[in-house]
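Structure in C-alpha cells, see below.
Chain nomenclature is as follows: A, B, C and D, assigned in order of appearance, with residue numbering initiated at 1 for each chain independently.
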Amino acid sequence: MLDRNQIAQRIAQELQDGWYVNLGIGIPTLVANYIPDGIHVEFQSENGLLGMGPFPFEGEEDADLINAGKQTVTMQKGGSIFDSSMSFAMIRGQHVQLTVLGAMEVSDSGDIANWKIPGKMVKGMGGAMDLVASADNIIVAMSHTNRKGQSKLLRQCSLPLTGVKCVKKVVTNMAVLDITPNGFQLLERAPGVSVQEIQAATEGRLIIEGDVPEMQF
Amino acid sequence: MLDRNQIAQRIAQELQDGWYVNLGIGIPTLVANYIPDGIHVEFQSENGLLGMGPFPFEGEEDADLINAGKQTVTMQKGGSIFDSSMSFAMIRGQHVQLTVLGAMEVSDSGDIANWKIPGKMVKGMGGAMDLVASADNIIVAMSHTNRKGQSKLLRQCSLPLTGVKCVKKVVTNMAVLDITPNGFQLLERAPGVSVQEIQAATEGRLIIEGDVPEMQF
Amino acid sequence: MNKLVKDAKEGLAGVKDGMTLMLGGFGLCGIPENCISALVEEGVKDLTCISNNAGVDDFGIGLMLQKRQVKKMISSYVGENDEFERQMLSGELEVDLIPQGSLAERCRAGGAGIPAFFTPAGYGTEVAIGKEVRYFDGKPHILESALHADYALVKAWKGDRYGNIIFKGTARNFNPVMAMAGKITVVEVEEIVEPGELDPNFIHIPGVFVQRIFQGKGYEKRIEQRTTRPKA
Amino acid sequence: MNKLVKDAKEGLAGVKDGMTLMLGGFGLCGIPENCISALVEEGVKDLTCISNNAGVDDFGIGLMLQKRQVKKMISSYVGENDEFERQMLSGELEVDLIPQGSLAERCRAGGAGIPAFFTPAGYGTEVAIGKEVRYFDGKPHILESALHADYALVKAWKGDRYGNIIFKGTARNFNPVMAMAGKITVVEVEEIVEPGELDPNFIHIPGVFVQRIFQGKGYEKRIEQRTTRPKA
C-alpha cells in the first residue's frame, strides 16, 4: 500500500513539461514535491496566483500572498497575480491542463463527491465544482477505501455530487485506474498489492485486462 | 436656429459635477468644449480610456493613445486605461452617467436609428447599440430635419433601429425635447424659433404645455 | 472629482438594516478590516453578506456573526468558524453556498450589466436544482444570474481621490469584481496617493466603479495558516 | 517554459486555409502588424477574421483583403476601406456586424468558458433576429454566444518567454480578450523581457493564455486620424 507521499509521487509521473496545474488541498498539494527532472510545470492557485512557489522561509511570510488553502506561499519568477474572475476564466476556459484533487467517493462513470456529508457541518464547495466541471484532465488522489474499510470507488456515488462524468484517472494507495465508458480500468498495482485485493476493495465495475504491472518509482 | 457648436453648448448645460460621460462622434464631441464652470466631468472613450483630454499639441501625437473616433488624444491626470470588455462592462453596467450621440431619426417613444441606411454601404454600429441599450441617460444631438427638410423626430423610425425606447432627451438646432410616454415634450425653443415652426418640423407627437421658454446661453 | 471620505464610518453612511453587502477577501487575506469594524460598531443588522468566506471566530466577518448582524451568507466556503456553525445548524443563519468561480463571475456580471450567463460548474449537483440546463457543444451548462449589492466593501492597496485603485498580491481576489458590482462601492486603502501617481496603464479598477474611498488604519492582516520552511 | 519563437512566420505555423482568426486592435491602434504581414506573405486564404475593424485600404487587415484572403469578417465597424466596400457589395466578402461591447464580451466569454450570456445590446434591432429574448428586471435582453478562434493574433507592448504580457495605452483594446479566446494565441511584442522583469501584480494577461510569443520588428504604428491643437 502506498502512503500519502507515494500517491503524490505516482501522480507526479503524469505531469508533462509546460503544463499548468491546479493542486487541491491534502495529498494533491504533495505532488509539488515530486516533479520529475526535466519537467517544468506552473502551479495555479484559484485565489489568484500563477507560478506558486514553496512555503516562505520563516520570518518571510507575507499576509498578502497566500494559496487557496490560505497558507502563506511564495511566487516563482514569471508568476502573475489576478482577480478571482480571471482565475476561474483560466479554469473554466480550460487553460489549466491538469487538476488534482481529493475525493470521498468516485463512481465508475467519473462522478465525484468531495464536498458534503449529509448531517455533518457543510463547509462549502469552494472552487471544486468549477474545477471538476471545467478541466479536461482530472486526477483524483485518495485512499481506496474509507476508515470503515468500504470502497470509495463505486458504481454510483452515495454522497452529494461535486461533478458528473468528469474524473479521468484515480490514483489510490492500491492502484492507478482510468475511467472508461465501461468502468474503472486497472492500469497499475501498488507494489505488493494483488489484483484480487484491488478487486475486493473496488465496488464499481473494474476492468482487468492482461497482466497488470506494478507501479514504478 | 442653433449651429453645431450651440447645440453642443446647450447639451453641456445638462452636465452634472462628477459625471462620467461618453460622447459620440460629430456634434457630441464638441460638448467637451463647453463644460460649465465649477463642473468636473470625466470622458469615457469606449476603445478603453477614461479621463480623456484634449487633442495633443502638434508633434506630441502618440499612436498608442487614440479615442473611439481613432483620433489622437491625451489623458488627464487621474485617467485610466482598460481593455474593451472592461470598457463595455462600465457602459453596460450603467456606471457611465450620460451618453450623447448623434442620430438620423428618433421616434417619440425614444427609439433611435443611427447606423444603417438600406441600400448604402453599412459601416457597422460600433459601440452605439451597447451604449443606447445600457445607458440610463441618453441625449441625442442632431438637426431637427434632414437635408430634404423632412423631420427627424418621428412617430416611428423608418430606418433600421439602433435601440428601442432608450433616448431620454433630444437637443436639435430648433429645440430641446424630453421623451415622455406621450411623445416629445417641448421644453425650450432655440432663440428666434417659434413653437409653430417646431411643430411644423416635428412629425412625431409633440406636447406643448404653457409658455415654452427660449434657451439661455 | 473627490470621492475621499474621512473614515469607514463616513464611507458606510447610509448602510441600513436588511441591506445586501459584498465584502472582498479570500479567507482573511484582503478583507476590508476597517469597514467590518465600523459595521460592528454601528450595529446594523439583518444583513445579507456576499463574501467568499465568513472569516474566523474572532476576526473578519466572524466579528459580525458574534453580534448576530448577519441574516444570510452567500459564500463558497465557510469553514473555520464555530459561531458560524452554531448559527447555521440552529437555523439562525441562512447560508447560500455557491461554487467559487460562479460567485466571482456572478459578481462581475452584476457590475458589467450581464444579467445571466451559462456555466458548466455545478451541473448535476444540488447547486443546479431549479436552474435552467442547456447544452452547448454537447456539454451541459446551468444558467446563473448576476449578483448585486447595496454596498460593496473593498480593500485595496493604494488609491486616489478619483477612486482609481490597485491591489497587492493575492489580497486582490474578489475585491475587483465586487468593486464593479456595488451600487455604492466603498474602498479602504493602505495609502491614498495623488491623482496621476498611479500609472494609468496599470490601474486595476478605474474610479468609475468607486463612489467612496478612504485611507484605512491599524491593519492587522492576520494570517490564517502560517506555513514556512526552515532556512537552509 | 519557453514560448518564444523566432518571428511571425514561426508564430503562425499551422495556420491553414479556412481557419478562424482573431486579430487585436482598434482601427490601426494595437494591431499585430508582423503577423498580418506574415499572413499576406504566406497567402493563406478563405479566412474568417474576427476583428473590431478591417484596417484601411493599404494597412492592417486591408492588406489581406487586397489579396482576397478573407472570406468573412466579424466586426463592429468596417468603414475607411474602399476595397472592403467593393468586396462586400459584390458579395465576395461575407460580413457579420456585431455591437462592439458584445464582440468584446463574446471573445472574453470564449476564453473564460462561458458559452453564452444575456446582454441588452441589440434588442429590438436586426442584431436580435433569431436570438432568444428574455426579460430581466423588466428589461429585454438577447442571448449572445461565445466566440472562439483557431489562432488569436495579439499585439502587446512587452512580454516574457512565459507568455506574460502587458499593453500600452489604448493599444490594449481587444488584445487581452482575444488573447484569452485563441486555441493558439500568438503574441507579438515590441520588447521581450526576462521573466521576473514584469511586476507580477501588473501583468495584463498571464502566460497561461499564450502559446507563442515573439519580438516584432519595424512597427509602423500608423495613425488613422492625426488630430492636434496648436501649441499655445
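By our rule, contacts are C-beta pairs under 8 Å (C-beta built on N, C-alpha and C of every residue); 3 or more make two chains touch, one makes a residue touch a chain.
Computed from a prediction, not measured in an experiment: that's the story for all the values here.
Asker: Quick check for the class: compute each chain's Cα centroid; which one is farthest from the centroid of chain B?
Answerer: A
Asker: Take the average of all CA coordinates in chain A, do the same for chain C, and state the distance between these two points in whole angstrom.
Answerer: Spacing between the chain centres: roughly 28 Å.
Asker: What is the distance in Å between the mean C-alpha positions of chain A and chain D?
Answerer: 36
Asker: Between chain C and chain D, tell me the centre distance in angstrom, where each centre is the average of that chain's C-alpha atoms.
Answerer: That gives a centre separation of 33 Å.
Asker: Which positions in chain A touch two or more other chains at once?
Answerer: 81-82, 85, 88, 91-92, 134
Asker: Can you tell me which residues of chain D touch two or more of the remaining chains?
Answerer: Counting only residues that touch two or more other chains, chain D contributes 105, 108, 112-114, 119-120, 167-169, 172, 201.
Asker: What's the contact topology between the chains, one of line, ring, star, complete, other?
Answerer: Graph shape here is other: it fits none of the named patterns.
Asker: Write out all the pairs of touching chains, ordered by chain label.
Answerer: Pairs satisfying the touch definition: A-C, A-D, B-C, B-D, C-D.
Asker: Please output the residues of chain A touching chain D within their complex, sorted ascending.
Answerer: 18, 20, 40, 42, 44, 50-51, 75, 77-82, 85-86, 88-96, 134
Asker: State the interface residues of chain C toward chain B in the complex, per the touch definition above.
Answerer: Touch list, chain C to chain B: 1, 108, 110-114, 160-162, 164, 180, 195-196, 200-201, 203, 206-209.
Asker: Where on chain C is chain D touching in the complex?
Answerer: Where chain C meets chain D, its residues are 105, 109, 112-120, 134, 136-137, 141, 145, 166-169, 172, 201-202.
Asker: Show which residues of chain B lie in contact with chain D when the two form their complex.
Answerer: My answer: residues 45-49, 54-73, 81-85, 87-88, 91-92, 111, 121-130, 133-134, 160-165.
Asker: For the complex, give me every residue of chain C touching chain A.
Answerer: For chain C paired with chain A, touching residues are 26-30, 52, 75-79, 85, 88-89, 95, 97, 99-105, 107-108, 119-127, 140, 167-177, 204, 221-231.
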